[in-house]
Every structure is written in structure tokens, then in C-alpha cells.
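Structure, as C-alpha cells:
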Amino acid sequence: MTDIEPLNTEGKKVKITQKVKEVIVKETVNKEVAKRKKWAKFGAEKNAAPGPDFRTTQVGEPVYLRLGTAWKALEKEEEEKSAQEAAKTNTYQRIKCRTCGGAHYTAKCPHKETLGGDPAIGGGASGSPAPEDSGASGAAGASASAAAAGKYVPLHIRNRAAGIEPEKRGDRDDSNTLRVSQLNEIVTEQMIRNELFANFGPLARVNIVRNRETGRSKGLAFVQFHTESAAQRAMEALNGRGYHSLILQVEFSKPKR
Amino acid sequence: MGLEQPKLEDIPVDDIDFSDLEAQYAVEDDTSFDKYLVVDGAPIAPEAKVPILTKVLTKLLSQHGTVTNFYMPIEDGKTRGFAFVEYETPEIVEKTIKSLNGKKLDVKHRLFLNKLTDIEKYGAEGNVTDDFQEPQLPPFEETDYLRSWLQDESGRDQFILQKQEMVGVFWNKKKENPEPAIEPRLNWTTSFIKFSPKGSYVFSIHPQGLQAWGGRDFKSLKRFSHPGVRLIDFSPDEKYLISLSPEPIILPPEDHPKRASFPFGPESEGHKLIIWDIATGLPARTFALPPHLEQRKEMIWPLLKWSHDGKYVARLGPNALAIYDATEDFALLDKKPLKIDNIMDFEFAPHGVQLATAKKQDPLTHVLAYWTPETGNQTARVALLEVPSKKVLRTINLFQVSDVKLHWQDNAEYLAVKVDRHTKSKKTLFTNLEFFKLNEKEIPVEKIELKDRVVNFGWEPKGDRFVTISRPEVQGANPAIARNAITFYAPELPSKGKIANLKKWIAFKVIEPKFSNTINWAPKGRFLVISTVGTSSQGGLEFYDMDYPGEKKESESTQVNAHVREIGKLEYAGLTDLEWDPSGRFVAAWSSFWRHKIENGYRLLDLAGHVLREELIDDFKAFIWRPRPESLLTGGDRKKVRKNLREYSAQFDESDAMEASEATRELILNRRRLLEEWTSWRSTIDSHKDDYGIVQESTSNEDEEVIEEIKEEILEEKEEIVA
Amino acid sequence: MRPLLLKGHERSLTQVKYNREGDLIFTVAKDKEASVWYSFNGERLGTFSGHGGTIWSIDVDQKSELLLTGSADFSVKLWNVSNGENVFTWSCVSPVRRVEFNPSNDKFLAVMDAVMGHKGDISVFNINKETPTKQDEEPILVIPTYEGLERVSVAGFSYLGKYIIAGHQDGTVSKYDAKTGEFINSVKVHEGLVTDLQFSEDRTYFITSSKDKSSKILDVDNLNILKKFESDSPLNSAAITPLKNFVVLGGGQEARDVTTTAANQGKFEARFYHKIFEDEIGRVKGHFGPLNYIAIHPKGTGYASGGEDGYVRVHNFDKSYFDFKYDVEITAEAAAASKENNQD
């Protein structure tokens, strides 16, 4: 049987198909109950076949009852988990036009002409720190900034000013990643997870940079959060804090866009 | 005769001053008999043989200095069996007595040597009264109940934390701050502090000796004067304390006021090893340190090993094993040590042994195992010795042996002998494990040959499974590369249709490569911690369950009664030591200042490796669980506890929650009150019910029958997004 | 747990009831037809048609032979459960909000609404069990709304049918002698309409629910408030679970008060509270509208909820439901058990 639910959680129409088998179950019951079981159907059900009719009776989706005084916390935890999972499955939607923000490749942007092309190449529209960019407005002026200053700016810094990191490591999104330096050598991934960053939200990834030969920590680690706000909070709380006799330095692994 | 000689009588002698002459010719009035020795027990010989006897005895007695005078009284033409000997100095007398007293001259005659002064002192009539004078008993001093900590209502365990110069005794409160049992004490001990094996006493170390503490407030109980004491040990029944100091015992001079109260007699002069009776605080026996140990930098400890019940104690001598009976004032068994050439090491069975030859009602046998190395044409040997009969029960011969370690299973059903062997070229080492099965007829030995060298071996307490850590022996290996393998062994299950075959151990699981180097079984078995201790970079603990309740995977062996699974893991860089609590529910792991200065402090874990507490403490030294005596519960009691475990654990959970915080405590108390109110209200209602005439409907199963019902069952459910 | 969805009604459910053995579920809604279902598989056994308006209330006798329905069409009807036959109809002065048999099934009460000048009352009728088609038209007792109180919204019989307990529109609960109709006392329990009143198994205490978002347990004998359960939305129903010390509350913001129903889809919940400790201990989602009535299986093994969304959802509890206990309860039981052991 099928049933169309009006909308699912993502606001889409969903068709749910259930394959149902009728099974015969034996049960021990009170004599009175057994007698009632043999009654003929009446009213609207008169002459209906034995067994449940799918038009009036249906097996619902499973629901859960978790008893306990902390049920709210449990439920919240689960919601967060499912939200995270949803976030994961939605990653394919990460294609984002840098010109207009639409869900298409920048090169195919329909507004390419009107909005003046890739701001990364242009040097950034509004966030540019170029000091002499006072009068000039828009992409053209900004693009001139580096050149107008008349001195050589290394490529990666030029791009950094524009707020975009060169695409080094494939498509990995580093916007939620913190760079933790001045770590004591003895600090392990475990300690970072459980001691330092335990209270700021779930972590996606923790990496300590180690010497490839000796396996000794170089005192540098990258910590990736699921959300930027969590990363922000962690940075604010931990930057400059002492940990194992050293003062931590925590910053975003790349400047925020 | 002209000149008359004056008569001698007339000369007034009193008038003459002889003082100058007297001074000149004064004979030293040597009334002290220090230089004299009395020999007893010499043969009674006819006069004719006196010269020969004199010659023999003089020669024998002049080992430590010249005999200046020898007098053997003769009566009725026969010697009387004793002689007087004079030496040049009293020191020679002392030495001679020490070395020759009790010397056997021949089968019939044994010499007894005594100082003449002692004979005067004790032998002369009247010097020692014949009347028995009852010794004065010191007034009885009541001590605290020494096991009071076992009466804790929640059955918690105690532990000692030693940090900086402070030592404190605490109650384990799991996640919470440990609760001090007494005010922590500054400089309680100058080095370490140690509990006795059943936890009744705690001993502190001081320059002058030891001190025992106990009772609820850890009051001072006894002092044991042993200057410079370094190492201590106990008999397993907590009756005796053994202490060792590099400083020998020196008796105060005879006339010194301290001599009277000095606990040691002259026979202890120069000894370094003392067995003390803990209850009286007095020495029970002293030993000199064997000469071959005097020069050792690192002392072998314990020097004395006890049988499981504390009845026998033995020590290793060069080419001999000395076994003493602790119940007979530590007398040497058969009055002589057992000669065993080149004996290297020995271990008493940690439990009485049920030999197959013994009858069921016989008391269990005391057994010890020892080994001797290869010498000349002799093979190396491991032997089992019955005590006190000194009968050898079983030996095995081994060759190409470089080292042997004896590992008794704690029920003494098995002895595992780890034999490190070398190839003919002596370049590589590998291990054989030899298992003595003591309960079986003729004590069969099972052998496991390995390619690698076993560096650590651990029996499961009360079990027949064990774990080894082994590694291939490679010269100049890089220590930064993990090379150790953890191997789990268990006896093979009898295969179907066969009669129970001989007990054979098989390695059912190997985990490698690892840095792990230490095995710590939980005191009740089943769980164990394998850890990497002492390396600053790789330290960590892994928790294993040998009877993991889940289904076995296909790859896992079904031939054994074991299912091992890692249940927890913790990286701990600074780890230097770890110890299970006596109940086997917690593990304390710590980084001791005595070993290094990395991350000093401790962590308290549960048996699945979850960290309950963590404290970083500068100069943290040690975490010491207070041991417990064995349980008084009978097998039936235990069964009952196990049956009702669920209910008990609910109570424990609740008290845990109440401990956790004041707020929860309030909450729980409030809930208790609510529940009580409700139940009491319901019971008053119930008691009124009869008055009301409410009849509880009785539901009987009599009028029941079986019917068939049609039910829907979902086989599949698909969700499609409709565009 | 997988609930059974009963979709026999076209409009909001008004009341849901199990029979004594729990094998049948009777449901009534605003759509003029009552239904009876097998609780085991959700199969509909039949319908009862004849009313001309919303059926507000339904009740079945102990033997599952006779069924009462009270309707907005100014009538109470008596039905034969086994074949759906309408055996008798009482015409009333106003819409009937509640009908209920007394425990011995020889009488029933009907709560008359206050409309068109009528002030509302509780009418008690005799039941002729021998010949159900022949009944007295007139009530044997009429308890008019007590002076100073607003109209009665719900009512029921206490243990042995000794008292009638009524809940009022203003939140008051009042008590009457069931034989004489004499007013005994009243207590102001709620700040708003009392929406439901269900008794414990032995009818010595009862639970009320109210639009003031709270629910309370009262002692029949003295109307003392024993327990109080706070919630965050108006409540339409409250029930006490046999077997376990829980109560189940149902309600929700009414559809017209909720701005975006889409956001809350399927999130109308049955709320479980601990009867003794008053804590909320869990919720069951599922309805698309407020829960109008909650009925617990007489053996405490499940419950059915009727919703504003027109669905009845029948649940059978999982094992975890039966296992759940507060540590305090387990400890108390263990203490009791060990006491017993010691006595052996």
C-alpha cells in the first residue's frame, strides 16, 4: 500500500511505500474475548473480510519512548546528531558561485557580466584592506590596489588579503579549522579532544603535526569543528591560555572570509 | 763473731719505705679472667692420651690467636672432659667462641666454649637465683581495631597518596575529591611508606628504623630500631617484618647503660637482615648478609621467601638453600642447609599443592621450585621440592639456557617456567615455556616452544589462562619501532566426542606490534591491563576483557573458553606505575617523581579504562592502595550476592549519585520521602478497602482459550521523494 | 514501538475507551458515528450510527454488552455492542458532554451542557439490563450545577459508585453523594476548564486535566490534592497507568492558536510523568494535532490516544517501559525484598 504524506522534514513531498503481509498469530485470551472475536462485523464494516482493512487501519512509523528524567537531554542529543548527519548528506550542495552566491559554478554564473567577474581575481569587493582604496569603489579599483602600491606582494598574501586561500588541499573546507600552536610535545590528540576542546561542541578532526621520522610532536595541531561558531568560541576561550607549561596560541587556520 | 747482726725481727719494717721497690717489682694484678676460655664436652681420656688430646685441642683452638696456656685437669688418671685455655687478648676469646662453639670434634663429642667470666657470672652458685621470678609483664596497652577500615559502611577502599613531603590516607570517592581518612602528615616517612600484605599496618621508614602505624587514626603502634634501614618485606600472614640495612648491628659495650635494653644478643653482632615479630616489636631472628651479596649494587629483594602460609621461610646461599621453620623459632630444617650446587633462584608455591599422590583429607603440601644453570657436563635443571621432607618431586633437564623465571599460578595448580634459550651461536634468544601440572599424576610437563623471547608473563589470578608479551630478539633494534606482541593463551577445550584430552594451552589471540611491556591482571581475574610503562613517549594503558559477553566473530577461536576484547584505552605519556585496587574495580595509574618529572600525578580509572579522576601534582611520588585480607564470605554467601547483584547495584548507584552532589542528595532524599508518603497512603487506603467493601477482582486463567488473529506485518518500507 | 493508526473517523476524536479486558477500543468523534476496534490488530469490528451530531462521550459496561454514547444532538443512546444495534435513546434538555456507567452498571450519569438558558446538570438514569429496549425515560436524580460554581464539564463515579465527582468549567472539582445527589464539598483545583477526570484502577483517587496546563491527582475521600503535574501546553486528557507508577497527559496548542502547523508536524506528544515524583519522564510523538483523549489499556500494557487530527494511535509499550524505575524505587524494593528474605 502507499500513502503520500504531505511533506517530510525537508519540506518535500514524500511517497511512502509499505509492503505488508498479513500473518496469523495465535494468542491465549479470556473466553469472553475469544467469543467477541467471532462476532460478525456490523455497521460500516458489515460484510467486510476478516483482518484489518488498510483503508482504516495502518501500521505507523516507529515511535520511541525513552523513559528517564534526562529524556530532554537525550532527545536534544539525538536531534543534534541527526542534524549533523543531515549536514553531512547536504555537502553536495556546497557548490557556490563566488559572484552571486548561487548554486552553480562561478564560471557559469549568469550574472558574470553584470557583477564584474570573480572577486578573488579582482582582489575583493568590500573586505579589501588596501589603504589607498579610499576613493575607488568596486572591483576595478580594488584590483588596482596591489599594483598601485607598487611593491611586490607574494601571491599567497595577495590572495589572503582577498580572503581566499589558494586551493591547496583539494576541496577540504578549512573554514571551521583552528590552528593550535605552542603545544607541549607531550600533548596527544586524545588530550586535545578530551581536555582542551571537550566543551565547545563536536570535533570533526584533530591532527597533531609530527616529525615523520621520530613521531615527535612539533607542537602544532589542527582542530576542525563542525560549525564555525563553535570554533570561534573555542578560539576565544583557549587562545593565550596555559596548558602543560606553555601558552597556547589558537587562531583560525585560515583567515575568515 | 764480733759484729752482731741485727735480728731481722728487730728491724722495724713499718718504718722502711718500700714504695719504690713495690712500684718497681709490682706484678700486674691480673684478676680479670677475660683471656680465659672454658672448653666443655671434650673426650674423657686416660692420662696416657693427654699429650695428644692437648695437641689436637690446642691446634683447633688457636685458629684466631695463640693459646698461651692450656690446662686440662686430671682426676683418677682420666681427663674430666673440660679444659681451661688462656689467650693473649679477650678479643681472641670472643672470636674463637663465635666460630667454634658447638663444633663437632667427632661423632660423639661436641665442644662447647664459654668465657671463664661467664662461667663465674652464671655458673657459680648464688649468682643466679634458683627461684623462678615471674617476669614483669608490661601493662596491656589497648590498640585501635586494626581492621577498622573494613567496617566502612559503603565498603570503600583506602589509598595513600604520597606527594612532596606529604603523605595522606584517603577514601576512594571515585570521581569526587578523595576524602581524607586522617589529616595528611608532613614528613611521615623519609623515603617510602608501605602497607603490610593484609593492610593491617602501615610502615614508615626513618633513619633510626621503622615505625608501624594502624587503627582508625593511624596511631603509632611499634618502633623497630634498625638504623639505616633500606628495604622491608613481610611474611604473608603479617606476623613478621623483615628489614635490611647496609649498617651492621653493633652491640653497645657490655657496661653501657644501653646494653640492658638492647634487643639483640651478641649472636647478632654484624648482622644486617632482621626478622621482627610485628606484634611484640622484638627481633625474632637475624642473619648476616651472605658475602656474595655484600658487593652488589642493586640488592636482590626479597632475600627471604616465605611459604604461602608463613610456616617456612627460605633463603638462598651460595650452593645451598637454607629453609627455616618459622613456627620453631626459625630453626634450620634438619639443622643444616640443603646443598644444591649453583642454585640460581627458587620460589615457594603461593598456595598449598594438592598432589595426585596425596589423599584428599591430607593437608596440602608445601612445594618450592628452584633451578640450576648449565655447568660443565651438567644440563640446566628445574626441580620441585617438597617441604619439609626435602624430597624432589620432579625435575626437568634443559640445555642452551641463558635464564629461567619461575611463574607459579596462584592456586599452585600450575608452575610455568619461562626458559630463555639461546641458539648455538648465542646470538639470538628465544623462549620455551614449560608447564608443570602439579595436580596430575607424576606431574606431567607441557612445553610451548616460541620463536620470540617472552619479556613478560602473567597468569590470570585463580584461572588457567595467561598472557605473554614477547618480541623477536634483534641486535641493535630501533626502540622507536613497536615490536612487541601480546599473546593470549587459554587451555584448549576438549573436542567433541573425545575424552578430555591432556591440558594444552593454545595462543588464541595475538595483538601486534605494540610497545606494551607490562601485564596487570585484575585481582579477581577476567580483566587485565596491558600497559606501556616507563617510556616517556609511548606510555598508555589498554584494558582487555577475557570473557567479553558479545558473540564471537568468525575469525575468533572457538577452541578455547575465552573471548578477549579490548574494552578501553588511554594514552598516558608519563605513566610509570599502575595498580589495581583490591576489589578489581579501579585502576590507579601514576607518573612518579621518583622515576621522572613528566606529568607527575595520578589518574583513577574504572575497569573499562574510563578516567574517573585526574590530578597533576608536582613531585607526586606514589599511589598505594590499602590491601585487604581475604574475604570471610563463604561460597554460598558469594552466590547469594551474585544472585541479588542487580538490587545491590541499584543501591550502590543511588548512594553514588548522592555522593556526587548535595543537590542530587537532596533530590534523592526528597524522592524517598515522596515514595514513602505514597506507599503509606496507599496502605491506609488498602486497609480501608475492606471497610468500603471494595473487592479486588480476581483474574483467573481458567477461562482462557487460544484464538487466531490476523495481524499486519511490515515487510518493507520505502520512502521516495515525489518531484 | 510501532503504533497502529486507526483512521475510521473523518473529524477530531472526542473520546477513546478500552473495554474491561482491553480487547476492544471504542472511539467517538465529531463525525456522528462511533466505532469499535479490536485493539490487537486495529481491525474495525463495526460502527454505531444514529446520532445527528458530534458524539462527545462513550462508555461500555463491564461485560462489553451495552454501550452508551452522549451526543451534541441532545440525546444519549444505548447500543448493543455485538451488532451495533441502537436499543434505546434518551432525549435530553441540552447537549450531552459526558456519559459514564456506575461500577455496578445499573445506573449511568450524563453531564448536560449549559446552553440556551439551561444551566447544566448531572442526570443519573437507571439501566434495565434485562430488557435493554425498555428503559425509564426520566432520570432518577438530577444534580444541578451547584450554587456559585460554573457548569460541569466532566464527571464520574467513585469506588462502589458511592460518590459522583465532577469537574467544572472554572477549575473546581466537586463531590456529591451518588444516591441522594447531596453536595458534599468542592475544591478549586485548576485555573481553567477541567477537561478530563479519570479514576485510578480501584477508584479511590483520580486525575484531572485542565486548560491551565496542569494536571492533578486528588484523593476521593477528602479531595486533597496529592500530586501535581505541570506542562507547557493546555491539557485535554489525563490518565493513570496501572502496573507502573506513571500518568499520561495529552493536549497541545489548539490548531487555531498555532501559527505554523507545518513546523510542528507530528510533534503533538503524549507526555509521561512519574505519578509519585511528578517529573516528566518521556514523550511519544505522532499526532498532527492536539491529543483530545488518552485511554490506557486496563492491564497497563499500552495506550490509545485520539487526536484533533482524526487519528487514533494505539501503542503497545516496549520492554524498556516496564523495566524503567527510579533508583529510589529499586532501592526501596531491594530493601523490602531483603527484609522479606531475612524473615525467612
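Letters A, B and C name the chains as they come in the text, with residue numbers starting at 1 for each one.
Definition applied: a contact is a pair of C-beta atoms (placed from the backbone, for glycine too) under 8 Å apart; a residue touches a chain by one contact, two chains touch by 3 or more.
What you see is a predicted model; the values in this text were computed from it and never measured.
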| item | value |
| --- | --- |
| Between the pairs A-C and B-C, the one where more C-beta pairs touch | A-C |
| Nearest-to-centre chain - CA centroid comparison | B |
| Rounded Å distance, chain A centre to chain B centre (Cα mean) | 59 |
| Separation of mean Cα positions, chain C and chain A [Å, integer] | 46 |
| Chain B-chain C separation of Cα centroids, rounded to whole Å | 73 |
| Overlap residues in chain A, where contacts from two or more other chains coincide | 27, 29-30, 32-33, 37, 50-52, 57, 59, 61 |
| Residue numbers of chain C (touch at least two other chains) | 2, 38, 40-43 |
| Sequence positions of chain B contacting 2 or more other chains | 709-712, 714 |
| Touching residues on chain C, where the partner in the complex is chain B | 2, 38, 40-43, 159-160, 162, 202, 204, 219, 226, 245, 275-278, 326-335, 337-338 |
| Residues of chain A touching chain B in the complex | 4, 8, 12-34, 37, 50-52, 54, 57, 59, 61, 186, 188, 190-191, 214-216, 244 |
| Chain C to chain A touching residues, read off their complex | 1-8, 21, 23-24, 33, 35, 37-38, 40-49, 63-64, 82-84, 262, 265, 272, 279-286, 313, 315, 317-318, 320-321, 324 |
| Chain B residues within the chain C interface of the complex | 644, 647-648, 650-651, 653-654, 657, 668, 671-672, 674-675, 678-679, 681, 685, 689, 692-694, 696, 709-712, 714 |
| Chain B - residues contacting chain A, complex | 480, 536-537, 570-571, 573-574, 598-599, 703-723 |
